[in-house]
Each structure stands twice: as C-alpha cells, then as structure tokens.
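You will see two complexes here that share subunit A, one where it goes with subunit B and one where it goes with subunit C.
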Partner chain A sequence: MSLTVKNLKRSFGGVEAVKNCSFKVKQGKITALIGPNGAGKTTVFNIITGIIRPDAGNITFKGEPLIVLQTHEIARLSIARTFQLLKLFPKLTCLENLMIAHPGKDEKMFDCFLKPKKIRAEDEAKRARALELLKVVDLERYKDEKAGNLSYGQQKLLDIARCLATEANLLLFDEPVAGVNPIVRERIKKLLKELKQQGKTILIIEHDMRFVMDLCDEIIVLDHGVEIATGTPAKIKKNKKVIEAYLGVDA
Partner chain B sequence: MIETYLLHLFIIACLYVILTTSLNLAIGYTGLLNLGHIAFYAIGAYTSSLLALNFGVPFWIGALAGATLAAIVGYLLSYPTIKLKGDYLALGTLGFSIIVESVLKNWVSLTRGPLGLPGIPKPSIFGFAIDTIPKYALFGLILAVLVYIVLEIVVRSPFGRVLQAIRDDEMAAKTLGKDTFNAKAKALALSAFIAAIGGSYYAHYVTFIDPTFFSILETILIFSMVIVGGTASMLGSVAGAVLLTLLPEPLRFLPFPSSIIGGMRQALYALLLVLVIRWRPQGLIGENTFKKFKNGVKR
Partner chain C sequence: MAVLSQLIANGLIAGSIYALMAAGFSMMFSIQRFMNIAHGATYVVGAFSAYLFAKIIGWPFWIAFPIAIAVATLLGILINHIVFEPLQKEKDKNLALLLASFGMFLLIESIILMIFGADVKSFGLPVERGMDILGAIITPLQLIIIITAPVVFIGIWLFLKKTLVGKALRATSDNTVIAATMGINIRAMTFISTGLGSALAGLAGILVALEQNLEHSMGMSAILKGLTAAIVGGIGNVPAAILGGYLIGLAENLGIWYLPSGYKDAISFVILIIFLLFRPQGFFGMKKREEVAE
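Now for the complex of A and B:
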C-alpha cells in the first residue's frame, strides 16, 4: 500500500469540506478520486501535500506519517502534484520550470562560488533531463519561452512535465485534462499510462468520466467529504450510491 | 575643482549601485517587497564607524563586522515577517527601518543621537591609505564591480533560480521540495550584508554620519532606483542608480536657495517614477514584474 488516508477531517468555518474520509491508494496503480463539485477532493490533495492541516485524521505514505511534516518535507518524500489552477513559474522559461523540479540536493547560496564545476555539471544534467521531458510533452520548441506566454493547454502539459521532472513515486494530478482539447487529452492519457508502466503510483482528480473509466484501475468516490464507494470502474458504474450522488435520488 | 566634483558624483553613484543591486536581489529576484533596506545600510555605517572611533578597529574589519551584523539581523527579520507577503511585508520592513532609525536617534550613549558621529577616519586597507578623492573613487569602483559580479553569479545560479521561483509562486516551489523560508532568509541576509558594506563605504568617505542619513527619504530614493532601472535586472539597477544620482545634479546650478532645490530633487524622483511606471513598467532594463500572466494571456 502506498498512501493511506484515515478518518480525515477538515472544516472551513461552518463548511465541513472533509469529514471522516478514509481510503487507500495502491502502489503502481492509477487511482481516481471523483465526486461532485464541493465533495472535498482538492482539499484532500491539499492535506496530503501539507498545504492545509487537517483537524483530525492520519495520512501515511509508505508507513511514514505525513501530517506532521511541512509541504517541502513531504515533497522530498517523493510526492509531487499539479494544481487545478496552474501554478507554473510564469517568468521562468519552460526549461527552467522543469530544471527547478529536478530532485537534486538543496540549492545552497554559496555553492556557485565554492564548487562551481560541480554545480555546472549538475545543472547540465538537469538541463538534459528537462529537455528530454519537454520532448515528451512536445514543447521543446518553446524551451526558452517564458512559461506565462504559453497557451492554457501547453501550460497544462508543462505542469505535468514539471511533475514528472521531480521523479517522484507518487504523482497527484488535480484535473489534468480539464479544459484541454481532445488531442491534448489523448496525449495526457498516453503519458499517464506510460508512467504507470514505469511503476509510478498515480492519484488523479478528474471530472471527465470517459477519461477516468478508460484509464484508472481503481476509483474512489467522495461525496460531501465522505468516501461513498471504492472499486474498479465497472463496479463504480453500477453503484447505486454513486449514481444518486451525481444525479440525485428519485422522487 | 570640477574633477573633484565629478569624482564625488562617481563615488556616490558607486554607493547607490551597491545599495540598489542588493535591494534588487530581494525585490526583483525573490519578490520580497523590502522597504527596510536602508536599516541594513545604517547598521553597516554605524557599526564600522563606532568600531573605528571607539576602538580604532581597521576599516575592513569594521566593515565586515557591520555586514555580518546586518546579515544576522536580516536573517532574524525573516522570522517575524515569514507570513507577510507583498504590501504587508513592505509595511513590516518599513516599520523595522523606522525602529532602527529611532534607535540611532535615541540611544544617545552609543550613537550620540542626533549629534551624529564626526571624525570617522578614512579607511586604510592593509597599509594602503585611501585618503584622497581619486583613490576613494577607485575603491568605490572596485567595490561596486565586485558586488555586481557576486550578485549576478548568485541570481544565475541554481539558488537564484529557486529565488525567482519563490517570487513567481511560493506554494508551487514548496510542493517541489524547496525550503522557501530558508531561501528567502538567506537572500535577505545576503542583501543586508551588501547594503551594510555600502554603509561602511559611505560613512568612511563622508567622515560624518547622523540618523537623518538613514531616513525614509533615502529608502524611497533607492526604491525608485530599482523600479526605474528595472526589477530582476542587475544591469537595470546599475542604470537606475547612476541615472538618479546624476539627474538632479544640474539643479544645483539653478539660482534658487538650497531649501527649494532639495524639494525639487524629490519632485524630480517622483516625476521620473510616475513616467516610468506609466510608460515603461519593466524599467529601463529588466523584466516586467507588474504585468501578471494568466493562462497565456498577458494582462
């Protein structure tokens, strides 16, 4: 088991965004977190990555408790994510956006004076890896363009590439194909399948059901901050509770 | 006589290059809207002056001591201001500079308060006395070039890239495993260290300092230099510093009393700032930090 979420609770003012939510994400599988708007999916992501602290509950990643850690410490445990609203570095170039995600040692201020050769060699390696990834998402011709100048679909791809550049084992994608055209969507789908073959564990939030049903091994359905169903796509499609949550109960 | 005047302007321009480039590290590259830069400058000036006057400490030791003290203060300043961003950080750091200024004014037993510190010795480095104006100009040039090179290397290094990432989106930098607090605190410490060197350089040049040298007007001046020159460009900061040092000088030759000329000087800075922000928000040289990017559309 890769990621275990147990009895997670978090409210904002009077809104209980997540209440008693528990689920497990299996190693090497693609798992989807779905549910109607306001079900608490993004809040769960934010709690996993340490951006928001839960009111109660526990999260462990490969046996290590996460909720006591800060965001950057969690990231260093090999967990990476994308954001629903893109969070690229708009004034850095595409290449720099990927280079910065490279899981190297901590960047020290005086290293560029104390060991310039080593830093240059490391940076060259980062650059080579970043170029490779830009090719994967077909953006290498924009390598020196500022990320903020790309179109929305291109930024979406760059964001995914940046997530890959971290070489993390657990990848969290928040609506990776929302608002992108069908061609880019297929490319992202293919990319995620390749990642699975490389042995990565993937958790995605997505509203595009065809995309989810096609791609995922397992689906977790959240509604009003509680998980209401877990299972394979085929099982989830027939689950009565899920249909009710999405379409409402018959009068 | 005219050479002395021009060399004096050159020495002052070097000072502002040091102050402006170091401030740009915080504002332009790290996104820390720091209005307390002048406090670090003051700490450097007072520390090395007091050490020289009271204990006869050589210039370079005093300057390093002042710079180290400023760097420590800069690092510590990061703790109370960690959660502050943008305008709030600007107010927090402005408050800090006002505190430093009022300490200088009121801790009379140490700083002599408003009376100031007269008779600060001219520096002598390893037996080489920097006692004439041309020598000081050369010294200033060497310092400014050194500071420029160090900062340019830092901002182009992987560490500099992290600083720029923090400026663009701190949360995203955190999710990539960057310890953003640590990086910001170090950037502020380096910025403070260099500003303090500028302070020592200036104090030992004019040989007299008092708290009015480190007032909010001076903060506004170096801030204007950064904006006019262009944020996130070290070359822009050099241009801004030189331009704003030289631009008001012709006013001196106008037949007005100095009280009016002083006011005109401030008005000129304000005018230039308004013109630059209206017509060339990215500054003379540099990237545009006022323009926001969103979904590929420049606003």
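Now for the complex of A and C:
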C-alpha cells in the first residue's frame, strides 16, 4: 500500500469539507478520486501535501506519517502534485519552472560562493533533466519563454512536467484534463499510462468520466467528505450509491 | 552644463543609497509580503557598527566594514527569527508584522541613542579635493559610492538569475504555497532573503556614514526613501526597486534646479503619491497577480 488515509476530518467554519474519510491508494496503480463538486477532493489533496492541516485523522505514505510534516518535507518524501487552477511560476521561464523542483535537496546557500564548480555541475544536470522533460511534453521550443505566456493547454502540460521534475513516486494530479482540447487530453492520457509503466503511483481528481473510466485501475468516490465506494471502473459504474450521489436520491 | 552634471552626479549618489535600501527591502518583501520598517534600524546599526569598529576601536576599514555588514546581517536575521517568525502564524499577521517591525525600529533606534548619545558623529575623514568629471565635482568617496552600488546590484542580479537558490527565491516570491509543494524550504528562503536584504542595508548605512554624518535618527528617512523607491519601481521586484531608487535620487536632485533644495523630500513623496494613485503596481510592475486561494 502506498498511501493510506484514515479517518480524516477537516471543517472550514461550519462546513465539514472532509468528515471521517478513509481510503487507500495502491502502489503502481492509477487511482481516481471522483465525486460531485464540494465532495472534498481538493481539500484531501491539500491535506496530503501539507498545505492544510487536518482537524483529525492520519495519513501515512509508505508507513511514514505525513501530517506532522511541513509541505516541503512532504514534497521531499517523493510526493508531487499539480493544481486545478494553474499554479506555475509565471515570471520564470519554462526551463526554470522545471529546474527549481527540489532545489534545496543538497544545496547550501554558501556553496554558491564557495563551491561554484559543484553547483555548476548540479545545475547542468538539472538543466539536462529539465530539457528532457520539456521534450516529453513537446514544449522544448518554448524553453526560454516565460511560463505565463503559454496557452492554457501548454501550461497544463508544463504543470505535469514540473510535477515529474521532482522525480516523485507518488503523483497527485488535480483535474489534469479539465478544459483542454481532445488532442492534449489524449497526449496526457498517454503520458499517464507511460508513467504507470515506469512504476509511478498516480492519484487523480477528474470530472471527465470517459477519461477516468479508460485510464484508471481503481476509483474512489467521495460524497460530502466521506468515501462512499471504492472499486474498479466497471464496478463503480453500476454502484447505486454513486449514481445517487451524482444524480440525487430521487433520480 | 556644469550645474546639470553636478545635479546628475548628486542624483546618482543619492540614488545609489536609495537603491541599496530599496533592493534589500524589496528582497524581503518579495518573500514575506509585509513592510519591514525595522529595515531602517538595520541600516543605522550598520552605520554605527562601522563607526564603533573603525573610529572608536580603530580597526582598519577593510576589517571594520565587513564586520559591520555582518553585524547588520545578523541583526536582521535575529529580528526575523525572534519577532517576525512567531507572528507569521497570527491570523491578522500583516498588521501585526507591520506594527512589530515599527516597534523594533523604535527600540533599536533608542538603544543606539542610549549607547552613542544624541550628538552628530562623523568619521572625520580628511576633506579630499574633488575631481572634475564632465564639469561635476566628485570626491573620491562619492565615486566609490557611485561604483560600489552597481557592482553589488550586478552580483545580486546574477545570483537571482543564475543560481538555483536564486531561482528558488524567485519561485517563492511568485507563489509560496506552490514553491513549498515543489520541495522548497520556505523558512530557508526567508532566512536567505532577510540576510541578504539586511546586508544591503548595512552597506548603505556605512556608505552614508562615510559621506555624511551619523545620527541615531538617520534610519527613518532612509527607510522612507527606500520604501518610496521600492513602490515607485514595483514592489517585491528587486531589479525594479533598484531602478526606482535611481529614479527617485535623480528626480530629487534634478528637481532642485527649479525648486529650493529644501523641497527634495517633497519631490520624492509627491512622486510616491502620483504612483500610488495612477500606477500602484510601480513603474516596472505587472498588473496585480491573482491570489493563492484554492
């Protein structure tokens, strides 16, 4: 088991965004987190990555508890994510956006001045890796362009590439294909499949059901902050509770 | 012609100091997003440490000044660690931080007054004959100021542009939350920006102390001019703040071609008000970016 979420709770004022939510994400699989708007999916992502603290509950990643850690420490445990609303660094170039992933790993500020050779070598390695990733998402020719100048679909791709640049094993994608055209959607689908073959564990939030059903090994359904069903796409399609959650009880 | 050259030279000298203050202020603001008034106290401490080491104790300049800059740097980091960092967790943190930084400014200014007294001090350097450069009379010391500042700025620019830590600083200034999810340690970034920013204030303090005099109350006008320059250039953007510093310095000094020289401050603050009204993002700033809320 890669990621285990247990009895997670978090409310905002009077709204219980996540209440007693538990689920597990299997190593090396693509898992989808679905549910109606307001089901608490993005809140769960924010708690996993340490941006929001839970009121109660536990999260472990490969046996290690996450909720006591700070965001950058969680990132360095090999967990990376993308954001629903694009959150690139618009004033940095595409190449720089990818290069800053995990810069603090073994770099000390004084090394910049004291060991320029070592830093330059690390820098070159990062640059090479970043260029490689730009090739993967076909944005190589925009390497020196400011990220803020790219089109929406290109920014989505760059966001995914930045996630990969961290070399994380657990990848969290928040609506990776929302609002992108069919061509980019197919490219992202292909990319996620390749990542799975490389042994990455992937958790996605997505409203595009065709995309989810085609791609995922397992689906977890949240409704009002609670997990209501888990299973293969075929099973979830037939689950009565899920249909009720999406269409209302009287449907 | 000679008058114009002289005014431009004076503008560059004043601008160098403003730019140093503005760059440090902006560097800290870009990461922590609050107005650190205590930056003015760091500047005073830089100046008085230099005075203490070089004039009172009598160390040679090349030992005294680096140590004075180190003292300023340490002070900035210490204030941040003891006062600002705990306050970052407060709900209404921007107001709390602003007030706390103002309080620290007054506290440090008073300590300086207690130790050194209220009389005006000077390094008492021998008055040197000015050189005639394109009609402007510039003393060697002034020339050092005019040259030192750009050299420091090029260093900062290379640091921000070329090194990974510099890239990480810019990324953090773009968006703190996302930077953290990329594995950037925000506390480390705060530490670095505070240290560098404070070092710049210390350097500015020393240069002013050499060129003019030292007073315990010299910090307020420095932080006001630095703040003005940072806003006029574009707040949170270090190169823009530097250019803002030169802009203010030149405008002040060219303005007194027409106005009595007592209006220098008025010129800066009128420019500030005009910018706040019509171009709050600053001369080089982009439109306000969206917030981080998820």
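We adopt the following convention: the second predicted complex is superposed on the first by the 245 of 251 C-alpha atoms of A that agree within 3 Å, B and C clash if a C-alpha of one lies under 4 Å from a C-alpha of the other, contacts with A are read in each partner's own complex, and residues count from 1 in each chain.
Quick note on the criterion: contacts are C-beta pairs under 8 Å (C-beta built on N, C-alpha and C of every residue); 3 or more make two chains touch, one makes a residue touch a chain.
Bear in mind the structure is a predicted one, so any value in this text is a computation, not a measurement.
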| item | value |
| --- | --- |
| Joint occupancy of subunit A by subunit B and subunit C, clash or fit | clash |
| First, second, both or neither for A:A80, with subunit B first and subunit C second | both |
| Which superposed partner A:Y152 touches (first subunit B, second subunit C, both, neither) | first |
| Contacts of A:T42 with subunit B and subunit C, given as first, second, both or neither | second |
| A:R10 touches, of subunit B and subunit C: first, second, both or neither? | neither |
| Which superposed partner A:T71 touches (first subunit B, second subunit C, both, neither) | both |
| Set of subunit A residues, in rising order, touched by both subunit B and subunit C | 49, 51, 70-72, 75-76, 80-81, 83, 87-92, 96, 99-101, 103-104, 107, 109, 112, 119, 122-123, 126, 162, 166 |
| Residue numbers on subunit A that touch subunit B, as the complex places them | 49, 51, 70-72, 75-76, 80-81, 83, 86-92, 96, 99-101, 103-104, 106-109, 111-113, 119, 122-123, 126, 146-152, 154-155, 162, 166 |
| Subunit C residues within the subunit A interface of the complex | 159, 163-165, 167-168, 170-171, 174-175, 177-186, 188, 192, 286, 289, 292, 294 |
| Interfacial residue positions of subunit A with respect to subunit C in the complex | 42, 46, 49-51, 70-72, 75-76, 80-81, 83-85, 87-92, 96-97, 99-105, 107, 109, 112, 119, 122-123, 126, 162, 166 |
| Subunit A contact footprint on subunit B (complex, rising order) | 150, 153-154, 156-159, 161-162, 164-165, 167-169, 171-180, 183, 186-187, 190, 232, 287, 289, 293-296, 298 |
